[in-house]
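Across the two complexes that follow, chain A remains constant while its partner is chain B and subsequently chain C.
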Partner chain A sequence: MRSLVIFDGLSKFIGVFVVLFTVLIFIYSLAFIKRRRFYYYFWFILTFLASLGVVFSSNFVLILIFWGFLGLSLFSLINLDRTSQQADTAKKTFIIVGGSDAFLLLGFLILTYLSGSIDFSGNKLEINSLLSLFSFLFIGIGCFAKAGLMPFHTWIPDVSQHAPLPVVAYLPASIDKLLGIYLLARVIKDVFILNGLAKVILIFLGGFTVISAVMMALIQHNIRRLLGFHAISQVGYMVLGLGCGSILGLAGGLFHMLNNALYKACLFLTAGNVEEKTGSSELEDLGGLAKFMPLTFLGGLISALSISGIPPLNGFVSKWIVYQALIDLVGNSSGSLKIVGSLGLVFALVGSGLTLASFLKFLGGVFLGKSKKKVKEGNFFLLFPVLVLAGFCVIFGIFFRETVLNIFLKPYLGEIKIYGLWEASLATLLIIFGLVLGLLIFFIFSLKKKFRQDNLFVGGEEEEAQPLVSDFYTSFRKMRFLAPVYDKACQGFFDIYQVLKKITFSFANFLKYLHNGVLPTYLVWCLLGVLGLFLAFFRF
Partner chain B sequence: MKLLFNYLIFPGFLFSLFWGGLGWWVERKLTARFQYRVGPPWYQNFIDILKLFFKEQVIPKDSFKPLFIASPIISFSSVLLVILFITQALFLKESIFQADLLVVFYLLITPSLFTILGGFSSANPLASCGAAREVKLMLSYEFIFVTSLIVVLIKSKGNLSLEGIISLQKSFPFLGSISGFIAFILGLIWLQAKMGLVPFDVSEAEQEIMAGIYIEYGGPLLGFFKLTRALFYFILPLFLILLFWADNLGWHLIYKYLIIILLISVIKNTNPRLRADDIVKFFWFLLFPLGLLAIILAILGF
Partner chain C sequence: MSQLIPLFIVLPLLGAFLNSLFVRKNTKVSDILSLLITFSLSVISFLSLFLVNKYGVLIYKVGGWRPPLGITLVLDGLSSLLLLTVCLVSFFISLYSINYMEKYTSKEKFYTLFLLMLAGMNGVVATGDLFNLFVFLELASVASYALVAFGTEKEELEASFKYAIMSSVASLFILLGIGIIYSFTSTLNMADIAKTLGGSLNKVVVFAGILFFMGFGLKASIVPFHAWLPDAHPSAPAPISASLSGLLIKSLGIYSLVRVIYNVLGLKELFSLPLMFLGTVSIMVGVVLAIGQWDFKRLLAYHSISQVGYIILGIGLGTPLGILGGLFHLFNHSLFKSLLFLNSGAVEYSTGSRQLLKIKDLGLRSKMPFTSLTTLIASLSISGIPPFNGFFSKLIVIFSCIKAGFFGYAFWAIVGSILTLASFMKVYRYSFSTEHTENREIKEVPFFMKLAMLSLSLLCILSSFLFLNKFSNFFLGPAQKTLLEAKNYSTINDFVENVR
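Then we have the complex of A and B:
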């Protein structure tokens, strides 16, 4: 009798954080969710149990069952307020996620056929035949759709825009990322031995996702949708790390998965606070909120800097480990892997610059600048989860060796050899030292005089002439080579759901054309069918 | 204790401020000579900065004050940290506190970032306009610098540490190969744009948006920005030398540094200011492909 339960380092690591996110977002929901509470908490707890099920079961069949439950609960949670937009979004999500489950099933079937075992304890399978590659890719599609890698990403921006914000922070931003990347890491480490082609595919998809999702995020006017596109682009980094296949890459990918869940959940909750107090998530309506919501701003600032990879926060550390894994890969490989690896590195570094740019738009547009209306800071339930998550971003950044690498990743991956040089705690100490020194100088020099407060200087113009932060990157949108791509993307040309919808409808239209309602046509079809059957039976 | 000495006096804050102030002066003097002026005396930058610290501090009413005050100081202290890393590799026999190339790259973004955030928090529309331009500029120049960093990484066979990169260039600097030369040129343009010098000074553009991001800053806080700038004059050229031209160090650094200052001064004085969108096009569609070409050349071994 084989064990159905797996209880190793990776499962424990993911399990701990599933519990953490559930608790924090539960607290947040207490203040945020006001209608249909019973329905909400029922599906919320079911999601929690099903995710624990995925994390701790070692049997493929069990994983598939729990995975299916998660798709269902995602559908139900999105549809909380029952608006028509939510219904559309929920349907779209269910079709993409559910459809990818079919691929997952197919992948597991092929895997079982090849290796003869239905759990993770079987022998490692080398990807040497077309069948094994397909098995890996099909399992991959299941994970990609869950985590939101391109081209299976299109449900995430829609969900971010329409679903209630605790749901967004819980599912697409944290739990789905944890689970999707968990399964991918599990199959890469314990089931398959990656070959060059599989690595090339993963790195290509990762790099492509990083850059294209972040380019879409740049032009968004809605903060929810902006954050949604970032939830996609960050997956690119994780897949880049996992795609390297080395211990360092796995460590980087898993670490980045954790970090992304932390700061992305924090950002969505920040957006939730803003929306709760102002009633809007459009950048045009917001501005200057930092004065009224300083703690929310603090959480938003830390997580925004963290996602942009500013040292010494956690987003920097995990990206840094991913980069090292890529550099290592480029150094020790040849041919197409070397070229794809260096391109992936370029895209990853460039993508982090673009992320920074789009979060400057977020920070500037929502919290800084001139305030448009007065609001109040949120209450304890709204602030506590935000600040705890932001606190984790700082702690995991400064003490990454002591906490994440040693406690969580080492039991599973073994000794992780980081060859880059970065003493985060000492560096932070020096930054703080410099900051304190600077503040001292500042206050010593302005000790005698009081600060004079004065109106803004705008050269005699009306102050209303405020440039809209939401139009920051409109010039990119209109740039010669990018404009056609953006146009197509905004029309849903790259949306796998829209594309499939078009194909399905054209197929249905063909059937509609056949079903013209004229009796003789149907009779002809019947006759042809019978003829065909006769031929088939009597040919032998 | 030794670390603190390195951080504050040599080769950290005081030394680099002195050197940076002089380098800035050389650049100003050259500019003056290009324009048939006499130019300032050598101590001009120091007394300029010192004067700012004795001025009154004005804070705009609508601003978000904590960030408005903290931004210049954070950008200053993060530059100090980068200086510690780079100068230890260049000037000291053995360094006690190292960091690798990627860390330095990311830490060098921080000052620009906080300059932008400071501009935003002043709530001034002109500062917001300047910040928008600065972000676009940052996207442009950091992209091409990424490509030249990767050329360095390929040439150093994945060695990330600054000392390793220096020791690999003992016999033959990276500048000597084709891909290295292209990457160096890209690095030089990065330097020009990062310092906000003409032709890439859209974000300040005194004649259009009255210093843009810095419009509401004055007194000690502006002094911190000026200090950061003086430190940039020191560290950015040296970083470029470290990456591409580190065959002979010691006193050789001086003429290498002066050559780079001369180059950026020539570029500054012979070009008009570009528009923000033209800058982005120039960097993305001309220089970025050039950088990719350099990467491929480096992979092929040229």
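Then we have the complex of A and C:
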């Protein structure tokens, strides 16, 4: 039976959140976008419709059409201001995303060839041959590039840095993550039966992404770029979860995808508020904004803690589930899967710590420290989406069982069994109790009056320079083993786009050298061509 | 109804003669004349598609002579598709030329040559006689040599010279092939040859097949016979580049190649692998060369080589799906590649340059909104981005490869598609992406040029619907059947005898 649409638990889950993000970012855009409004909303709405199209289609060709169209709308939205940086970014993004779409197409076609079905209703396909593995990986490439897994990630930092912030919050931070991981989860659950090798590849890529993207994030000076690298790093967790192939892993991956979309969109919108009011996204120019923009700070704080996996916020819960799934996998497998699984677990844990470290840089650099200039808090349109998203981070953290797991994931994945004791509501109560107690002590004993606040001074002179937050973690940058790697990374040595560009152009130059414009040469080719044909036909 | 067929040749020939005889000063007359002729030809070609769907094959006997003796004009599925493509695109090209050719002197000579070339292309497609095919092929080729050199600058003359030499070599190979076939079968009627050969794999036939392969392959610019194209196509005026890349290489090259090898000589299976292999090589060589170019038109010319590769790959595969995809891509390519050449012409018309680095910061996006939009549509179509037509035809070609088990070919076709996207992103980035930084007076192109570009881009979107069975059965089905049941071509003469 051919069916064009699919309305199961997963589609509904993703669909609901596509609508949520669209509404919130639409509200935000009303205040943020001031030029080319018609153009912007035209593509914004088309993006929305195409995303719903991807989520609710079952037919591969329909999915490919909507999916490819999303690349086009991303391309159009990035280049809103038409500066040359945006134009370069848009070009690079569309080449990477569109190119991976072509591989997605190839993957789907091979899948159709193998299973005989052009929609998701076909039988599950075991990955037992090279061809089926390639089919899975080609489909994977499409998902990876959309979501931003290494090595197909290089467009995300550029887009984060140059594109208008609502666009960044909408596409790379939320919708593209939702869709990329949606499709990956869909094929892992409904289409393929993963074998060991496929799992090893996914977990390896996931773990590698977590650690290396967060290392890159540590050394950034620009908050947009910093957030961009985190947007990549978090995809690693999702793929780690999905790569386990178990129900628990899928739940963790999908939950983390949702959480990441929530707090990452919130963070980008926070950065948007900051940029709207101060006109800069460089850490050097920012500081001390918590005083002037308390609500923005609140949103940024909650989402930053949440992305770093601080309980009781949502990031903690989903990472917890992913760890559980990995531990499960390591316990039940052997050989290379066991090694890669434990490696992935270690990377995930270390990555989480480093995430916290780099968000200290973000929070400290933007909101704390000495303020450089006075600004005003943003208006309702700018604050409402930030606070709603932050609210979701809190709710999904504390009531994860009642909300996400039961309402959204259970219909698709069935009962999800989580090991380990983690009673979020109780813990939250305790945390709140602790905080309240602390505040009470602070106020009752009026501790504030017992301290004197003053500026830094050295030798009786007031010290002008305060520790520069943007230079945090330069020690990493200068470490003996890491320095050469960082150098290469900053030169674009690991950028798949630059590497392939170089290779292609060297071929092009070779062919150009052959096309020297001399007529006899060309005639000789023709002759050689005919001779080749004669040889091919009359060898015998 | 077969009386309609000679109109395809007579009308443009008539136009060419009237033009050269009577038009002197008032070139408006030739504008209208050429527009009228191409428009009526488009209508007739649509009509002929209906006829083919209804009757199957139509044959016109020139001078009333019976088929093996006299020359016949044959309208079957394949030729009706090609006629539709050629006439439709020619109409838009002639619409575009009204404004564009103003900057050249002696516009009426341009129209004369253009109509002659059109007559040649239509003749090649419609004829049922092998030697007649050669005559029309030479007619179109000679007209195109002159058109390539139309600007009469140093570069154009050089390109035209190279083109003429290489093309003549190809024509000689074709003539040799025809001679061999004539001496072997004692007939020149194509259906009659097919009947006489009866699908035998005689070495002489294979030998002639190789000669045809080289000759028509050069006209279609299959690698390694492609080297003339990147010089010749960019040198011509934009409307002619459009018709060379969009139409000439298809009617003279691909159509003739496939018609002779599949239908006349019956060597479909034997030539399948060489066609597919060289098609894939063309895809890669063309696109890799294109990506390194900085000249807008030259880049497009290299892409023609690459896109012909897709068509050849699909048709060479020979499965129903492959042939369908190849023909679909042929039709689509003639739309978007003509459109792209017209776009490049519009850019050159307004800015005076077609070097991407020179038009980089002119801010053409806001100054030339129509050109920018249509270029984007055509670029996306050729790069295979949904929902534009190129996506669907490439999808079919690639799926047909996979279905037949040729995974390597499918992979290279995908890689070619990605590189195509990359090179058109380069074009769009440098020509249309940024706000203007220089203060230079640049105007959007005049009305008829805009109209032609807009209609072609609209067609690029509309022709996506040929992906649906309902439409593809009507437009592409008869042509697909002609190639799929290639052996049936030998019986078309009997068919006519019975009907009359």
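A few points about this structure:
We adopt the following convention: the second predicted complex is superposed on the first by the 515 of 540 C-alpha atoms of A that agree within 3 Å, B and C clash if a C-alpha of one lies under 4 Å from a C-alpha of the other, contacts with A are read in each partner's own complex, and residues count from 1 in each chain.
Criterion: contacts are C-beta pairs under 8 Å (C-beta built on N, C-alpha and C of every residue); 3 or more make two chains touch, one makes a residue touch a chain.
What you see is a predicted model; the values in this text were computed from it and never measured.
Shared-chain residue A:154: touches no atom of chain B or chain C. Legend: residue contacts after superposition of the two complexes on their common chain; A:69 is shown touching chain C, with no touch to chain B.
Of the two partner chains placed by superposition, A:259 touches none, neither chain B nor chain C. Applying the stated contact rule after C-alpha superposition, one finds that A:59 touches neither chain B nor chain C. Here chain B and chain C are compared by how many residues of chain A each touches, and B touches more. By the touch criterion stated above, A:515 is placed in contact with chain C alone, chain B being left untouched. When the shared chain is aligned, no partner comes close enough to touch A:273: not chain B, not chain C. Of the two partner chains placed by the overlay, neither chain B nor chain C lies in contact with A:89. Chain C meets chain A in the complex at residues 162, 165-166, 169-170, 173, 203, 206, 210-211, 213-214, 217-218, 224-225, 227-228, 230-231, 270, 274, 285, 288-289, 291-292, 361, 365-366, 380, 383-387, 391, 395, 398-399, 402-403, 407, 410-411, 414, 417-419, 421-422, 425-426, 428-429, 433-435. Interface residues of chain B facing chain A in the complex, by the touch rule stated above, are 7, 53-54, 56-62, 64, 66-67, 69-70, 72-74, 76-78, 80-81, 84, 97-100, 102-103, 105-107, 109-110, 113, 116-117, 120-126, 128-129, 131-132, 135-136, 138-139, 142-143, 146-147, 149-150, 153-154, 157-158, 160-161, 210, 215-216, 219-221, 224, 276-277, 280-281, 285, 292, 295-296, 299.
Chain A makes touch with chain B in their complex at residues 288, 290-291, 294, 297, 305, 308-311, 316, 320, 323-324, 327-328, 330-332, 338-339, 342-343, 345-346, 349-350, 353-354, 356-357, 360-361, 363-364, 367-371, 419-423, 426-427, 430-435, 437-439, 441-442, 445-446, 449, 451-459, 461, 463, 465-467, 469, 472-473, 475-476, 479-481. The touching residues of chain A, counted against chain C in their complex, run 61, 64-69, 71-72, 79, 81-84, 86-88, 90-91, 94-95, 98-99, 101-103, 105-106, 109-110, 112-113, 131, 504-505, 507-509, 511-512, 515, 517, 519, 521-523, 525-526, 528-530, 533-534, 536-538.
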